[in-house]
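So that you can tell them apart, the chains are marked A, B, C and D in the order they are listed, and the count of residues begins at 1 in each.
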Amino acid sequence: MLEELRKAVLEANLALSRAGLAPGTWGNVSGIDRGQGFFAIKPSGIPYGELTADAMVLVDLAGKVVEGRFKPSSDTATHLEIYCEFPEVGGVTHTHSTVATAFAQAEQPIVCLGTTHADHFDGQVPVTRMLTPAEVAKDYERETGKVIVEAFMECGIDHVRMPAVLVAGHGPFTWGRDAMDSVRNAIALEEVARMARDTILLRRAFGQPIEPIPDHLLRKHFDRKHGPGAYYGQQSGDSHR
Amino acid sequence: MLEELRKAVLEANLALSRAGLAPGTWGNVSGIDRGQGFFAIKPSGIPYGELTADAMVLVDLAGKVVEGRFKPSSDTATHLEIYCEFPEVGGVTHTHSTVATAFAQAEQPIVCLGTTHADHFDGQVPVTRMLTPAEVAKDYERETGKVIVEAFMECGIDHVRMPAVLVAGHGPFTWGRDAMDSVRNAIALEEVARMARDTILLRRAFGQPIEPIPDHLLRKHFDRKHGPGAYYGQQSGDSHR
Amino acid sequence: MLEELRKAVLEANLALSRAGLAPGTWGNVSGIDRGQGFFAIKPSGIPYGELTADAMVLVDLAGKVVEGRFKPSSDTATHLEIYCEFPEVGGVTHTHSTVATAFAQAEQPIVCLGTTHADHFDGQVPVTRMLTPAEVAKDYERETGKVIVEAFMECGIDHVRMPAVLVAGHGPFTWGRDAMDSVRNAIALEEVARMARDTILLRRAFGQPIEPIPDHLLRKHFDRKHGPGAYYGQQSGDSHR
Amino acid sequence: MLEELRKAVLEANLALSRAGLAPGTWGNVSGIDRGQGFFAIKPSGIPYGELTADAMVLVDLAGKVVEGRFKPSSDTATHLEIYCEFPEVGGVTHTHSTVATAFAQAEQPIVCLGTTHADHFDGQVPVTRMLTPAEVAKDYERETGKVIVEAFMECGIDHVRMPAVLVAGHGPFTWGRDAMDSVRNAIALEEVARMARDTILLRRAFGQPIEPIPDHLLRKHFDRKHGPGAYYGQQSGDSHR
């Protein structure tokens, strides 16, 4: 069932591994078929080199495995929550990429310090609050999804314009139009985090404050790729062809 | 038309990608035929793996696309401005390479801290001022070119002896005799930026000031590669054969 | 003798080299057959590219070479001490991986700053005391093993829940169920050290204290992979299939 | 003439390039035949991919090119000075490897902060003084060699036990028994520099002083690989087989 979706999710998982953002069996990518109401996700703990389209696990929006011979990723309930609460999301990626994870561990949002950031994320990448003992004890992975949604709701952040979040003490989740698009955002997030780390260390070395770029520059870069009048790429509004 | 130029620009774009300085579809390289008054540039948002010589877009010095089935890079107007104002430039490269971009985001020039820098750039790599809201609103990419030229004019910097600039809050542009030479300068700039970042962090850790190398050392290294009596390489004045 | 063990130890040594954690001839991996009471270890100073299963050296638990045409790794006595004192250990890896070694050189334990750490190590990765002149003079490699064991005994650390240590001024040793599992832990340790370094630098840049993640989050992540009710991976309790 | 030497020097130059320590045409390796009194060195500015044994340039100890169709490396006179003043040297490598160069640019010696350092270098890697305007004007590359020798003579450093130096504001030179051995030392120096940089940043973050490891640990590690009773590797005294 859903061969195309499984294949696309496999390809996205392999792209994540090729990008070097998922050592060992770390990280996972999923993609959803909104029409059917199922998403395909990487099985838990299988090395990327052994993955096949057939190994992807199909899960419904109640969180039930509907097809697959393996257990789904242990983070499946977090993906599920994102799909349920963020209707525009077609794919989700979770990594422990080094520098984005360092910001998550430092409980610091990634302030928009330049146009590379603005090309992908509309403003600072938010960091969630730390989960409470009760949330961790109850239904950890689902509650992780809930604090992500909470961070967006409380600050009125648009999940389409901000396809990334840092879970405090844990690491980044990114999403996009489909599985591969969520991987592209995971790659961009790590690159943006590296630039932000170095910018912050340099600004401190020179005794400068850490301040975001002017709003007009942020607006311009985000909108030329993602706004109504987008002119980046070959088809307006599509930043990836 | 201009098959040779298209091929050279394709090769330069692929070299940039191979050097790891252009993840995804980031970055772009162009090269000009001064005789014909046309330059070839990477199309916008096409993955490097899908590029062909035939996909390069030909643009004239009025900024009009004269040939090509794709839209040119969204940064085309910045390349155009550089070609119009810097007559010695034969090729231009734009990247978001991590550390050079971090210096641009920190709005810090890269001071000449050693001979690797002096081998390629005659003095500190300048950083532009931030664009104004009016400039961003008007004709952003062209205005980006104008602030680059302004930075050179105001400080009387020679664009042949300083084939690189950091656009504040954005990232580096480099240029050279031709497209491939501008890529070589982009690779050198990122390497020099990495050394400068570590030098700055080490000097701070040891409580030392950040000071450029003595001028006689800068002069010696730049001139032995690029000066009238250059003796680096197999042909004097040519630093790349 | 013990062809299977030699092959497994060869594969683990090659995996360490492929992971880029062992430049030149640095690093060494061993694996033990508890039934026979022998362990196989990399020969001293042989480039990874020249290793064969046949080149692995068999050593007994008295430290005597029982088979092998080469001298065993100069760190053999440290592996031996770990096998003798930590009965659950099936494989041992020693590297000079950059950032884990930097923590060892800074004589700083790696505090648990996030869930990536908690997925692999139950609490902060301990650092040993520096060896005394007498210990260095006497039987250096064996004494290195003894200070490792001392660090675990004094703090009542469980060597199964903490399969890694930093030897002060030297570098990391990791272990696991078998040789390959100890290599996986060496890879995880270096990745965790990179994240910790960046987290520490970012926290300092923002004037924040360096504090471990809440215990309930540490417990949750370690136990979902390694606890009695582990649910990560395809077989409970096995974090690697 | 001296085909074997040319081949060995070619291989060493290619090994340096493969190690990623010589982007573009940076860096150069030479090797000497003490019997004949000639050394072979990389030609100036030729990409590593185009090098052949036949392209290596033969130079005598008066600095005269005795064979070769290309100009020798512009750093030839520095290699020459090292061969003339350090009789045990069989090969010399010069790189601009990122972190070792950053220490040279910070004018900081690399203090021995751990056993990885002690395995290769007997104490802190010295940094030279900056060259004077007169020295730069006179015979720059030869004078660079002279300040290296000066740094060793003034502090009574043994060039066999310390096969590396940082030239202030420039970068590292390493040497060894032959060309390939000098490349191994260049690779070890860069790795040691990375560890030292991270150790220094971590110690500063934790408010600790930057101090070398105890002398007994330095002695032990250097001597077990390079001392009279060396027991590392398969043949005593040989750290590379």
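Operating definition for what follows: a residue touches a chain if its C-beta (ideal position, glycine included) is under 8 Å from a C-beta of that chain, and two chains touch if they have at least 3 such contacts.
Fair warning: this is a prediction, and the values are worked out from it, not measured in the lab.
**Q** Using just the Cα atoms, superpose chain A onto chain B and tell me the rotation angle to the nearest 5°.
**A** It is a rotation of 90 degrees, to the nearest 5.
**Q** Quick one: report the Å distance separating chain A from chain C, using the average Cα coordinate of each chain.
**A** So the centre of chain A lies 32 Å away from the centre of chain C.
**Q** Using mean CA coordinates as chain centres, what's the chain B-chain C distance in Å?
**A** 45
**Q** Considering chain A alone, which of its residues make contact with at least two other chains?
**A** In chain A, residues 201 touch at least two other chains, as defined above.
**Q** How would one label the connectivity among the chains shown: line, ring, star, complete, or other?
**A** Looks like a ring, each chain touching just two neighbours.
**Q** Return all touching chain pairs.
**A** Result of the pairwise touch check is A-B, A-C, B-D, C-D.
**Q** For chain C, which residues are in contact with chain D within the complex?
**A** Chain C reaches chain D through residues 23-26, 43-46, 70-71, 74, 96, 98-99, 101-108, 130-131, 133, 136-137, 140, 169-171, 197, 200-201, 204, 210.
**Q** Considering only the defined contacts, which chain C positions touch chain A in the complex?
**A** 113-116, 184, 187-188, 191, 194-196, 198-199, 201-203, 205-206, 208, 213-214, 216-217, 220, 224, 231-234, 238-241
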